[in-house]
Amino acid sequence: MWPKNFKFTEDHEWVKVDGDEAQIGLSNHAQDALGDIVFVELPEVGDEVVQGEPFGVVESVKAVSDCYAPLSGTVVKINEALIDNPGLINESPHENGWMIVIEPSDLGELNDLMDTAEYEEYEKTVEH
Amino acid sequence: MKHPYLPITDENRKEMLEFIGVDSIDAFFADIPQSLRFKGNLNLPEGMSQLELTRHMTEISSKNATTSDFIYFLGAGTYDHYIPATVDHVISRSELYTAYTPYQAEMSQGVLQSIYEYQSLICDLTGMEVSNASLYDGATAVPEAAIMACRSTRKGKVLISGGVHPEYIETLNTYAPGQDIEVITIPLKDGVTDLERLASEVDDDTAAVFVQSPNFFGLVEDMNSVGDMLGDKKTLFVAVVDPISLGVLKAPGEYNADVAIGEGQALGNPMYFGGPHLGFFATKEKYQRQIAGRVAGATVDGQGNRGFVLTLQTREQHIRRERATSNICSNEALNALAAATYLSTMGKEGIQEVAELNLRKAHYAQKAITRLDGFDAAFSGPFFKEFVVKTKLAPSEINKALLEHRIIGGLDLGRFYPEMQNHMLFCVTEKRTKQDIDYLAGRLEGLV
Amino acid sequence: MMRSEPIIYELSAPGRRGYSLPKCDVPEQDVKDLLPEAMLRERAPALPEVSEVDVVRHFTRLSQLNHGVDIDFYPLGSCTMKYNPKINEEVVRLPGLANIHPYQPEELSQGALQMMYELDQYLCEIGGVDKVSLQPAAGAHGELTGLYVIKAYHEDKGEGHRKMVIIPDSAHGTNPASAIMAGYKTVEVKSNEAGDVDIEALKAVLEKYDGEIAALMLTNPSTLGLFEQGIEEVASLVHKAGGLLYYDGANANAIMGISRPGDMGFDVVHFNLHKTFATPHGGGGPGSGPVGVKERLAPFLPVPVVEGKDGRFYLDYDRPKSVGRMKGYYGNFGVAVKAYAYIRTMGPDGLRQVSEDAVLNANYLMYRLKDHFERPYDRFCKHEFVLSGNIQKREADVRTLDIAKRLIDYGVHPPTVYFPLIVDECLMIEPTETEGKESIDNFAEAMLKIADEVKRDPEKLTSAPHTTVVGRLDETRAARQPDLRWTPAAGAEGE
């Protein structure tokens, strides 16, 4: 059910590494918990992100949530489609709802994250 | 004790305590330590019946001068304007005034739709694209706009014209330090903003420029030039405006302001000794997620029927908490409803007619007064409904004499500006007749 | 069957007018002769043109689409939706109170100033404080004012480095928002299972930020409707750490004449006149949030303050240590008048009975409901209590939101939902003392019927409400595609 080459954080972000780029988004669990997403605040290309620190914000009708970076690096791409259609995160959290692409500064940080199997287990233990 | 506002009877009490299974209400207060229990009775006057209360409040009210028994030429931010009979009728509908903030939209469509209409009317009046549901008053709208400007431009400085109401500037200066905002006041020249000085002060760290028109002295400012000056800069142009004046004066949207704020009391609200008033706040669509305060929006239900909800709530304190755009919760909803009723009643023609009456009567009065010896026009620029007169006699003496004739005269400007000791700010609204004005001029003539 | 009401603009027809003004009796000079052309309005404001009949019908019909306290039960927690006395509406309209200008001579405003001064004194007595400013326009405004006062106090004593404000996890959102606005940083302190501030957690916070604590903000009873049993220890700990104690007066309806925040150790107190003191909510204001302080903080109150001496009342601007001005003029006088009238009506016995009845009503209602809804705290409550919709969620995946929407079909306003944040699927219920037993029983029966519906026919809840002019509204669409003002093109029903 979960894409096999993803890594996950405890805050339900995912990261997919492809060569020297890492794509980042919210997991299906996160979008389900948030409800309909109405607005997304993304960083700008060139911004630095730090593992464990917020890189953006998602708003649903009733809640606001920080998005935490799974890896540190520099933002090279942002998903502009989310500006007009934030609901993409709900519809396709692991594909079209990707949020940013970064150039990771330390791939060793991947060891701090959960792989798909671990995340599946983790997800079962978490409330809603 | 029996009281009309306390329906629980002794019989009810007995039943309820029995149902819960306790002997007395003391059980409910047992967790309050004895050391914190208030001993005896609060030292307050004994309760009054309705008749006694009415008598008492009437007595209190009789100790205040009012527009019923004095002729007012006093403005300076709060005005004696005509309020159509529709307004009090509407705001007395108890389904509306005894309602809370419309969090349960389906059963609050009355309040929500009226907020949506208020927002629309304010946009049309100011020529802006979006409006909020209200702020406390014109004075607090200034720091709210400053905070929004600094946040959206990521800069730390605001410039404010010395022609803005002095109490608005004071309020800004109270809020600014907590937000690390630097406030610079721009001096005036001939009673209006010194545009050269303004141009020289605008820099890369300027988040916003505030200019009021008509300004505190009643003078119309050159808002076109300010709009041009800031056009290509990343600095917000905040226009502080008199809503009545917009019946005849250029609207902020027409001279490229980014934000239009001001005091909406003149739109259907009595003076009430300075409050409750109404802060209006309108801006461009691109800032809609940054504005402070509540916003109502249109949407549909499951059947496609149009309805209204509070929206963009994630900006607000009850969700965003620390990162809210403002801490505002309760605002001035009923005053906004009064404004919506006023603007609907006056309509497109009425707001123009009322503005023209103000303009013409104020000019008639200014001529009548400055023609007298010892009374000179302080400034030569165009004005709307207020004007400054330089006087030979002290304003306090003049006003004291006018009181004998049941006239409340203009504001003694020495109160706010030490360098303007012998200057008075007169206000003439559509409620003053030619007779009133001639009477004023006649009494002033007798003084010198 | 309820009809929806067109937007006022949709009733417009060119040439209709709703107003009448006298003819101009001074020379009708051309506007262009009086104002420069460059400053004249280019296009007339596109306001609607409707007759007076249209205006009255329109807003009257809108009012019929709205629920107020004057219609039925309105048990919003921490809002204190009590009855708004009509005599107060009448007296505030006396010309001598409504049609007075804030800058008119003080000698001709003695009635207004006297009333403000007396209200100040009454609030001091009720709150256990020494001086009140009536300037703040609402509770949140009062909080901001109080925080500025606290800041100025610390700075005056050379302790301006204190930058932290402690806020419980059950606090109303305005508390942290106000603290940030005042330039403070916030740190949360957890509540324990009894619903009180966790003393050990508080001690840990005080130690971590030793020397940096400016204040602790608290409401008592808390937003859970529970009296902070450890309040004396909380006060002592915070004061020892050099901080001040701030009281959020939203829940003062529970304790009038019974206990006073000033006696509990609070240094700064704000009152919500539109809650405790029966002034109308107005659909979202105007409110009034006077701030009261202990003697040593009085110099820092906003300016001006109303003073009285030898039977003469005046505005005192000579306050060099004041935080400054929080808004124009002196505060929401027109709201203060109603609160004053309410206090004069109730008197000391009446106010205490208000609190006693409010607390009785809440406990009774809680007991009627506690066997059918999850009750997180097994304690007697004060004027309000919280329940959770967890049982219903487990039984049929029905949320508190659905319970709330179904209550609408029973003709009552739902309680507060999803607040405070520390209770899952929260319902916060405050009946107030102005509800009779029948009204409370009626609400209890509606809730019990709904609990039953959850078992038998949950779809009735998830598709509710059914009896209002519109069904459940699409809030996602409203937030994704904001439509915040009427424009001619968007006039059609739905899209």
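Chains here go by letter, A, B and C, matching the order in which they are written, and residues are numbered from 1 within each.
Here is the rule we use: contacts are C-beta pairs under 8 Å (C-beta built on N, C-alpha and C of every residue); 3 or more make two chains touch, one makes a residue touch a chain.
Nothing here was measured: the structure is a model prediction, and the numbers come from that model.
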Innermost chain by mean C-alpha position: C
Higher-contact pair (C-beta pairs counted), B-C versus A-C: B-C
Gap in Å, rounded to a whole number, between the CA centres of chain B and chain A: 45
CA centroid of chain B to CA centroid of chain C, Å: 19
Where chain A and chain C are represented by their mean Cα positions, the distance between them in whole Å: 38
Numbers and ranges of chain B residues touching at least 2 other chains: 313-314, 319-320, 323
Residues of chain A touching at least two other chains: 38-39, 59-62
Contacts with two or more other chains, residues of chain C listed in rising order: 475, 478-479
Residues on chain A engaged by chain B in the complex (per definition of touch): 38-39, 59-64
In the complex with chain A, residue positions of chain B that touch it: 289, 313-314, 319-320, 323
Residues of chain C defined as touching chain A within the complex: 418, 475-476, 478-480
